[in-house]
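There are two complexes below, and they share chain A, which is joined by chain B in the first and by chain C in the second.
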Partner chain A sequence: MSGLPKRILKETERLMADSPPGISAAPKDDNLRHFDVTVAGPESSPYEGGVFKLELFLPEEYPMNPPKVRFLTKIYHPNIDKLGRICLDILKDKWSPALQIRTVLLSIQALLGAPNPDDPLANDVAQNWKENQSAAIAQAREWTRQYAQ
Partner chain B sequence: MDMSNHPLLSSMDEPPPFPPSHPHLRRLDRSVVCQICKEPFQAPVSIGCGHSFCSSCIRSSLDVMKKCPSCNEPALEGQIRRNRALEEITDSWEESRPIIYELAQPPPTKKRRASIQESNSKPSSSSGTKRLKPNSSREGSGSRSQSPIKSRRSDDGDHNSLNGNGEMEDEEDDEVQELTENDEAPCPICQATLPISSIPLHIEKGCPPPKTKTNGNGVGGRKGNQKADWKKVFSGQGLGGKSKDKEVEMKRITKPNYSLATPADLRSILSEYSLPTTGDKPTLIARVQEWIILFNSNLDTSHRSSLSALRAKLSDSENSKKRDKEKGKDEMVNQLGSKDGLQKYAKEKKGEFERLRKEIIERDRKRREQEEGKGRGRDNAIEVE
Partner chain C sequence: MAKVPRSFRLLSELEHGEKGIGDGSCSYGLKDSDDIAMYEWNGTILGPPHSAYENRIFSLSIYCGDKYPDVPPLVKFESKITLPCVDQQGFVNFSRIPSISNWKRDFTLETVLVELRRDMAAPSNRKTPQPPEGAEFPPADLETIAKQRNL
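Let's turn to the complex of A and B:
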């Protein structure tokens, strides 16, 4: 029992008691460091109406090291690759132990609302996004309908 | 999804937050919380940018990245300064919090009292608390070692003198007075019977079984020699340990350069503080790092722990880390070791095995169909892998 830091217990309890709008997160029964997460696509984004599944893992060094987060639902987004990996500064070099699961998930939701094709992870998507934005958005909308509903 | 009954979560002991009708109290409550561990400051220190954290939190953080967790400004361990004022504020807030919490509660439903409190509780949120606060914090700082029971009594006393009423409270008061620190009572969370004075600590630790004192030696420790080593450390603390403690200089430890330090260097640091010197280099580095954080941050507070308490903490954290890593694997191995375990495992996972079996059969069938249809064996071979 002493293996799990109090901070993680506290965060978990608060997340489940009062999760931010459009976001849910619950730890798995057998591993309290491993969370099932869903994030609703933000309004007036191509992901609106979709519900995206993610997995979040708190490494041993958390909160000194960032959580590991990955999309499980297929998504057409310049900063998310086909393995679901996310290009987000706070998950890498901009991580700070003052951040928490809640802030990470809110940032991911915000990333859906504001794709950044200048810092791409999925190169083909980013290129399409830059060259033909309306086609890319249509594609994102189509994938949302197909995979996230 | 309902995890409220989860055994790990039910061990939580959170003081209830202030009601939203008191935003200033909520803010005050938050302002004594470390942004890293999200707990009230312990041994608070400040760094160059002016942000404050628990000493051990910021030390651990700076080991990983040289910047302030709050504002991202570059920060170095050399900038760490003890923040005595913040420690005093945190301590006195922690002591007066239950008093103020009670004063901030909406009036009770009882009619007669409700009317009396109504008139009292409104000013209590502004002038009332202000009047009480200096009073109670003076009391608090004079009685740091008081048990929570006692301070609750003084709290009730204040309450009475403010309200000038309260049969019910008087009754409560009597009940409380009958108990002393040495009496035993059931823990409100796990129901284990413990001396009253030790209950807060017990809850703080997440309700370990009452035999906590032997825990330091008994927990985990899979590698025989390391376990034995820790045992030696603890058994020495009775006689030789104390005299050794005096020899240890209570001065901040300078960090070694871990990439250049030899295992012998690390061992000499560890033996200086009577710590186990077993393990490979990464184990030694981890132990030295953790010890330096514990030891140095212990110098940043006026509530210092003894060296043996620090050693116990180090041993606990080492064991729990090891347990975390080996947990899944070991449980599985233990279970599968015996024949019964194997059968039990097979029984438990029957559904899963069955599903896998069906999937494989299905896959093979499809593949055969495909092969017959297209005859492209190569792709399929890759798929198998």
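Let's turn to the complex of A and C:
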């Protein structure tokens, strides 16, 4: 991997030296644009106590185009589907080159604390979330225990 | 150039496949919609017109191993077919399809299906008598075979 843009080197350096609380991100040895990520479930959310694995990739067009991110750990969340794809505006049309890997990961952590069933990706989960919120939250807790610990 | 990892490459192939490819003569999708590793895929090829394959839908199983797309996927016809690049068990022998015998990382599942369909329509193949419709190749464990072949 030669000629990695300065911006990516800088972001990586900072992430490794000083990562936000509950978040870790490190590039893979064989592809410095491909990161192993972990995000801890936020306190007083159904994901509390869980550590979720994700992967992140910086495409050729980064930072003009957003990073690509998905969950590898199974999670019960209305904005995350069965393949770990995430419905988050800044990963799509609300992306701006002023954002960074760090801000993306913080937004994902925030999404865990504030599920949005009105903009669902996983329709069955979102429906359950709206119709029977306490059951949905219990399910999210159960999956956190089962898959993220 | 940035090297797109297997997972994000397959996610974009999946999205492309879900939208439907070109004229609908080929299609593919994940076999199991919550297979987070995206190993097993289904494909279909609609037999090309004016050939012995016309009006038939050929079903295929595809296994994208850990090394995909650096190496080709394992591809097996489920519907029985007589075609030089397909062996007695239904497996596709990439070395018999000149256009993709030399595998490149930017080839996709779509490339494979489209080239197989083109091969059916090739002058040397298009009149080959075909097995009765509905006949199938024996089932196989693609995961084990892919691992044996180091794919």
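Note that in this section the second predicted complex is superposed on the first by the 147 of 149 C-alpha atoms of A that agree within 3 Å, B and C clash if a C-alpha of one lies under 4 Å from a C-alpha of the other, contacts with A are read in each partner's own complex, and residues count from 1 in each chain.
Here, a residue touches a chain if its C-beta (ideal position, glycine included) is under 8 Å from a C-beta of that chain, and two chains touch if they have at least 3 such contacts.
If you're wondering where the values come from, they're calculated on a predicted model, not measured in any experiment.
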First, second, both or neither for A:130, with chain B first and chain C second: neither
First (chain B), second (chain C), both or neither touched by A:84: second
Partner touching more residues of chain A, whether chain B or chain C: B
Partner chain in contact with A:26 - chain B first, chain C second, else both or neither: first
Contacts of A:60 with chain B and chain C, given as first, second, both or neither: both
Partner chain in contact with A:10 - chain B first, chain C second, else both or neither: first
Chain B versus chain C as contact partner of A:98, first or second or both or neither: first
Shared chain A contacts, counted only where both chain B and chain C touch the same residue: 1, 60
Interface residues, chain A side, partner chain B - complex: 1-7, 9-13, 16, 24, 26-27, 29, 32, 60-61, 63-65, 94-98, 100
Chain A-facing residues of chain B, complex: 1, 3-4, 6, 8-9, 11-12, 14, 35-39, 57, 60-61, 63-65, 67, 69-70, 72, 205-208, 219, 316, 320-321, 323-325, 327
Chain A to chain C touching residues, read off their complex: 1, 31, 33-34, 55, 57-60, 62, 68, 70, 72, 74, 82-85
Footprint of chain A on chain C - complex, ascending: 1-5, 7-8, 11, 14, 33-34, 36, 38
